[in-house]
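Working notes, beginning with the structure itself.
Per-chain residue numbering starts at 1, and chain names A, B, C and D are given in the order in which the chains are listed.
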């Protein structure tokens, strides 16, 4: 089973965790992250958010990121589910789950996966606000977050 | 609604997340951790694990830890659910969920809550192995993990 | 003066009791006085609460490593290092 | 020599096209040659791919900041900094 999925449908965190966990009774730690559509961005209210991606490259880049996490930390498994298409405030956008024997590795790998996904996976957000449609700008804080992992370790 | 719960029943991660999230459309990040019973500990197979606690002090200490996290990071909410009683391998033991606008705060606060919970909340684990019953020893690595937060910031 | 003493986990098992009311004769009672009085029972009490053993103390449901002064009705709990999560 | 060029997000919208086959006349074609050829179209092309603009390049679905040599059939994608997650 692939550890990355790009889909328009919503996901269920409990179900995804169970699928990952069932495979391995040695798992003691499950760290996860869910990204959610906010009703406010850069001071404007957001009515819808549309995610575009680069089919083919998206899956490849996510798989490469998972592979890096597995090489770097003593983890059992990692899953990335990223939605594309149009979403509304409170909708779930992205899910990352990492399993390991002890908690430190899961926490670190989960944050690493999010930081790398944010700067390396070809997704783009367009939001609709009262001012009209606009493409979301990349944040320099995301570059800073991703760079941490190059220095550390 | 209290942000900490001690219970014998299992919990559903998705349902707990939804309850936390519903309250606030400004949430963009949901970090979580689930601790799971492993079938192996210190080299011996584990058939059951029993959690004892100190009613009253448990809730107080968990609430104090959540309060500390809220003072320290810009987060919206935090939830701790900890099970007591007898569990088996693959069972969920503990759940921590943190919500915030951006992901860095959620990740940090979630790991902090687990590290502090591990060293400050009055729970004790007893496991049944082929060698018989035994109380689980505290790990010095947990003390080290908790100490990090005193230096950092 | 009377205080309440609670024992948890391994201490509860070894002592065979989870909770007891303890009468303290001295006027000024500190955590160390309670521990001394319990150790005086000898056997498992002296052993488990010995200086070489690591156990934790909570007063009125708050962990402390200080030798605080106790008052009538205080709840003193003795237990091993915690292992939850 | 023919390569495939893809545009995403804002670039796709502004150029009004998501993908096109591009014939390159020169024998040695690098990323910079493709960019130069696109900029020569003027207007939004010259503007969006100007030196002052920040956009990313992926060759055969891998991001790169190097001016690599391209070969027949390569897939070159141009897009703004990513904003997923």
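Note that in this section contacts are C-beta pairs under 8 Å (C-beta built on N, C-alpha and C of every residue); 3 or more make two chains touch, one makes a residue touch a chain.
Everything numeric in this text was worked out from a predicted model, so none of it was measured.
Looking at subunit B and subunit D, the chains in contact with each of them are A.
A separation of 26 Å divides the Cα centre of subunit B from that of subunit C. Separation between the centroids of subunit A and subunit C, computed from CA atoms only, is 48 Å. Subunit C and subunit D have Cα centroids lying 73 Å from one another.
Residues of subunit D in contact with at least two other chains: none.
Of all residues in subunit A, those touching 2 or more other chains are 35, 114, listed in ascending order. Applying the touch definition to every pair of chains gives A-B, A-D, B-C.
Interface residues of subunit B facing subunit C in the complex, by the touch rule stated above, are 35, 51-54, 56-57, 60-61, 82, 93-94, 114, 117-126, 135-139. Those residues of subunit B that touch subunit A in the shared complex are 12-15, 17, 21-22, 25-40, 89-90, 101-104, 106-107, 110-111, 114, 141, 145. Remark: subunit C residues 6, 8-10, 12, 58, 61-63, 77, 79-85 touch subunit B in the complex.
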